[in-house]
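Dumping the structure here so I can ask a few things about it.
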Amino acid sequence: MQQLSRNGVLIDDTFAEAFGMRATAIIITAPTLKWARQAAITMTGYATSVIGCGCEAAIDVDLPASKTPDRRPGCRVMIFAMGTDDLQKQLKSRLGQCVLTSPGSACFAGLEGTAPLDLGNSLRYFGDGWQISKKFGGKHYWRVPVMDGEFLCEATTGLTKLAVGGGNLLFLAADNAKALNAAEYAVAAIEKVAGAIMPFPGGIVRSGSKVGGKYKGMMASTNDAFAPTLRGVVDSALTPGVNAVLEIVIDGETSDAVAAAMRAGLKAVIDLGSEKGALRISAGNYGGKLGKFHYHLKDLLP
Amino acid sequence: MKALTFSLLALPDERLDLSCLTPAALAGLTDVQIAKLRIGTSRNPALVGDVFRITGKDVNNIVFEGGSSRFDKVGAGLSAGSVRVMGDVGNQAGRRLSGGTLYVDGSAGTHAGSGMINGRLEIKGNAGDYLGGPLAGEITGMEGGLLIVRGKAADYAGDRLRRGTIAIFKGCGDYAGYRMIAGTIVITGRTGAMAGYLMKRGSLLLDRPPENLSPTFMPCGEPDIAFSRLFDRFLMDEKIMDKPLLGPKPGRYGGDTAVSGKGEVLFRQQHR
Amino acid sequence: MLIRLSGGDVVDPVNGKTSQRDVWIRDEVLIDAPKGEAADQTHDVSGCIVMAGAIDIHSHIGGGNVNTARLLLPEHHAAHMPRPANTPLSNAGWSTFQTGCLYAQMGFTTVVEPAMAPYTALHTHLELADIPIIDRATLAILGNDDFTLSLLRDGKSSAMIDDYVAWVVGSTRALGVKVINAGAAAAFKDNVRSFSLDDVVPEYGVSSRKIVKSLQSSVTRLGIPHPLHVHANNLGIAGSADTAAATIAATEGVPLHLAHLQFYGYGTGGKRKFSSEAARLAEAVNANPDVTIDVGQVMFGQTVTISSDVMRQFSAIGNASPKKTVIFDGDGNGGGGIVPYRYKQDYYGSLQWAIGLELFLLITDPWRVFFTTDHPNGAPFTAYPELFELLMSSASRDTKSAELNAAALELTTLASVRREYTLEEIAIMTRAAPAKLLGLKDRGHLGAGAIADIAIYRKGRDIAKMFREAALVFKNGDLVVKNGKVSRYRWGKTLRLNPPPDKAIIKRMKTYHEERYGLSLDWFTFPDSAIQRDEPFAEVPCNS
Amino acid sequence: MSVAWIGSQPVPLTDAIRNAAKLLASCRCPVFTLDTDVHGTRSTIALATMLGGACDHAKGQVLANEVALFTNHGGMFTTPGEARRRSSLIILVGEIPPLHHDLLQAWAASQPDLGDKHSRRWFHIASDETSSSHGKLLRQLKAKPLRGEGLSLEATLALLRARLQGRPALSSLSNIDSFEKALATAQFPVFVFSGSSVETAGLVMLQGLIADLNRKGRTSSVFLPADDDAWGSALASLWMTGFPLRTGFINSLPSYDPVQWDVQRMIDAKEADLHVWVSGRSGQIPPKGEKIALISLSRTEVPTAGAAVTIAVGQAGVDHDGVAYSSRIGTFRAVQAVTPSHLPSVSKVIGQLAGALPGRREFAC
């Protein structure tokens, strides 16, 4: 494989292969950022992968009070799924269990989108007839009485079909500490990119996978080519000196958002240098057969 | 292009039905054809040309130079474009307005904004009874849009409001929000007796504690709700108000319990 | 004045086959072609169909409940704005004035208001007298009043019931008797909410069946030409076909007219437990020569339901559109309910529409099925032209069906029925048969001696247009409509029976009203002069 | 004795008719104020249809209040006869006009003979102030007041409705417990109201209350119009034009608008230029100080001050036979002349006016 080098970090001439997804976004506000984030974090828990969780979700960005509809601090949360029905189902149950329940929360559409997804429309019945519908400024809200006042929730949010899931970067490092350091730098940089989320814990995944496995029914199994302990016994992608690999998976509102996120992550890890971080950066793909979005690392370099 | 302008020649003896003078109705007509439209309502009804001098060409931008309390149904059915009246209007201004803007530089008679569906109607002066309300027999009032009265409104403002927002700045008479179905009425200044009588749902938003409510309105404390901030912001974004109306912890009454108790009166707390 | 209508196709099944012949009018009546006389006026009606003036036997055109509907719905005019523009008949026409004009323009010359509460007879007649051009008549409602129910409870003689019925018919100037959900309006005042043929009115212990049977017998014995006009129990309810079938079976050899049968054509089949039983009812009607029915066809759009079946109307409040209603617990027979309603092309509306047409098409004898929409309950009478077209053209039924709810239509036989009414059958159903049913020997046909009520339609492919705008209409020999427009106003008469009153019953009524209402009987009766028109009434003889 | 005047000058009736017809033919916007029986109303409306202009009743304001209950809401009603025979619990709503006191006293003197047949009990829904004339009636009926401190009638009705549905409210009502007990036993309670005693809003509240009670039991109301003739005229207008009074005719087509066609308002605003006052009621004359031409059809022996033409007319049921709405029976009644006189009926005079108009138009009466 041809490799490029930047600041001592080798960049594989490969690409991340990603898929079209359905996505939505909501804005959660609360009396304080802490409680807005709490609602958001709870809502996006157990949402790392559509395979096991039904959706992939995370906080996109925090929003200052001046940028939210009700002038309280908040954050924008994005949720991704493979189909509209899945997305609606996940949105409804997570909103009901995690946002409605969270102290002082309110919830608004975070995306214009091409079609509506129910927010308050599906939760209003919690009001048992006392819910209040309000339409103004071209928007529709529900006010549901709860024990600390009202849960204010926009009736719908938008759905986008232009979303992309599965952008990724692989950081190959000399040891675990350096791999983690590189990944953390990447996460911090990508968090600043609007419209892109990293659904795995802290944005990082260590159990990269390949499609299928030897056991029946396994949809995915360990990415043995990148598992350092197997370097000698399998057809490994790892080069000598690499003893740990961590991956960042990126879902974006648009393909551009994924590219921007990868670009930011690449830059951060390159800037960090091979001494403190990754020796080499790669990306995961399936040979280009499965996903229609290909992000070539060489095109994204600083 | 200069606005299509109707300059009042002399005050008419009769009430005029000006519903035919909207952009959609006048599109494609020549000045001569317009001058021949019948607007009078008595036995020898006046034509447009008898009452107005017509100048300008831009049919999407209609201006009445001069007004009268006999100008009925100004901007009725307006769906796009702009109508401005530099004076008073009579009854049913902006009746079933569904888009565009109607601006009245003076005062309006009864039923201004009756059955509005969308769009914006702003009245600089006062409005008569039944602001936004239905005509006799109709069972829903305003169904959407923005209706702003910078002066006072008389009785039954927002009668059977179903959707949309009405804002009244210098107080109103009795029975504001009578039989409201939903929607929002903002009132600053004094509100007369029996506001919200028979309201089913909907919100009356006041800048002060209400007086003379029916005993079927129950105090509901002053919980902190996000809605008041959201709505305050809407009022300012739309340039309806220049400062917050309710603030974060408005007082609340629920009512009319004679009907269901699902409507509300929210008001700005005085001590804040 | 001698008028000749020359060259038209005369459709007059009572007097022979359809043929091209001249029709002659002398003053107010039809005559055979006079020999050696020249007409003062000749109208060339070649290319036209000539029929007798049409007769509507069941149309709520005036009286307290109709006027209350006007009061409740001033916005209704707007709901009935002409569509398409400039076709005057597409406007329902609320006023008495409009009613007369709109009927005349379609070639109708006699219309029966089928529900006059006896205590509001004066009001009804004032309204009917203000309907221009056409003749009117009305049926007196009985069967829910304390007096009738007390007679039945107390087992009084049939002669006494006959005397009472005759007094009511005579003093209210009715052309017949109607019973509306017999006993239910009385029971509703006692908080009964559903009422069937064998249910019993509280306080009286009298069943609905007993009331109907007693009045049916009285009407027959009194020689009232029109059989008892029955609005049966359970109108509009899924499963009401059983009630209608039971009522049909209850004729027992005595004539009976069942009103707006469509509203009883409902079974409980299908997913929505609302299905068509029209075929079964049509079979029952076909098999029972004592029964006549009118249909009460449903057509789509905004209308208002007006009925003295106060129990039924109360139960319909929830479906009111727009949501405002009047429910009136009147004196005895005088109650009712006004419930506005919009027939939508949904499952229910489609089914109702189809059931009405099934009845029209599956009942084989045009002498026993009558053309009504139960105006305005099923549709305003201004929908008649479209209905004529549906009856006369299976293709137009197919076209309309394609717009409607397929699931509903599948539960009906409509698609398989290809019958098309002929002009002769239309003439029987809307002219000859109503005249016979009502005992009006002077109309419904074009034979010599009949009054000159004539409708002339210009033949054309567009059946609805043909019937919407009569080319010429004559009423009592007066030319009143030209090219679908009223050209001359006149005042018709209200047709009534006048059975001789029995002195004893008058005395009894005086006592009853003084005791029970604290008022003398003359508060409840009126002289002809109260109508303030020249000869407002015309008498129709009872059968001897 | 004179029956017609031009200005203050007695003239033969035919001259007055001709003169009035001239005024009618030449005016721009005639308005008609009615206060007459059904046939007087019918003829006046027929004339107004020919001429354009508008028709209103002399008591148009309170009539509009009553009409609005129906046009805006509807309700549940019964007749005075049915109330008398069937209701053991009568609730008076506000002040019932004196003209109906005889009826109420007749009920009090009788016993229901249908339904629960209990002797009648009376309640009275009242505002905090009640006039003394009404107080006497209430004492005679032994009507228990339902009222709350400082509450208007509209507020009291709201409170009562909330209470009967078990919903909370801020005040309490006198005698409410005994009222609830009475309601529980009566089979056909009847609320009695008039348009003069409650604003339309209160009437709508009352009908809501009645609708609530009819979910499980039976209750109705008797409407006693503030003025029988006014209600009769409204009904006649309804069948003739499709609309109640305060109907105008633009191009002979009727339009109903209780604001626009308020005749007194039109006169005050000088939108009208000819006022035709049509009253067969003794002593009733048009409001003074009107600044437009006036034709007065009044039951009078002297010319009406300020009228261009005055024609004396009779009253139905006094001077001549006629038909009038009667709240005793809740429908129309033929009334006979009590003291037949030479005074012509309104309908006759209006018919002559119509006949004297130039051109040939259809007079629908």
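Brief remarks follow.
Labels for the chains are A, B, C and D, by order of writing; each one numbers its residues from 1.
To be clear about the criterion, a contact is a pair of C-beta atoms (placed from the backbone, for glycine too) under 8 Å apart; a residue touches a chain by one contact, two chains touch by 3 or more.
Just so it is clear, the model here is predicted, and its values are computed rather than measured.
Of all the chains shown, the one with its CA centroid nearest the global CA centroid is B. Our note on geometry: chain C versus chain D, Cα centroid distance of 33 Å, whole angstroms.
In this assembly, the C-alpha centroid of chain A lies 72 Å from the C-alpha centroid of chain C. Taking each chain's centre as the average of its CA atoms, chain A and chain B sit 47 Å apart.
Under the contact definition stated at the top, the residues of chain B that touch 2 or more other chains are 135-137, 139.
Across the assembly, chain A contributes no residue in contact with two or more other chains.
Residue positions of chain D with contacts to 2 or more other chains are 71-72, 256.
Chains touching one another form the pairs A-B, B-C, B-D, C-D.
Contact residues on chain C toward chain B in their complex (touch as defined above): 73-76, 322-324. Remark: chain B residues 13-15, 41-45, 70, 72, 91, 109-111, 129, 134-137, 139, 175, 178-179, 193-194, 197-198, 214-218, 256-259, 261 touch chain D in the complex.
Contact residues of chain C toward chain D in the complex are 62, 64, 66-68, 70-74, 77, 94-98, 119-120, 122-123, 126-127, 130, 132, 146, 188-191, 203, 314, 324-331, 334, 338, 489, 516-519, 522-527, 529-530, 532. By the touch rule above, chain B contacts chain C in their complex via residues 135-139. Against chain B, the residues of chain D that register as touching in their complex are 27-30, 51-53, 68, 71-72, 148, 151-152, 154-155, 157-159, 161-162, 165, 167-171, 201, 204-205, 208-209, 248, 250-251, 256-260, 270-271, 273.
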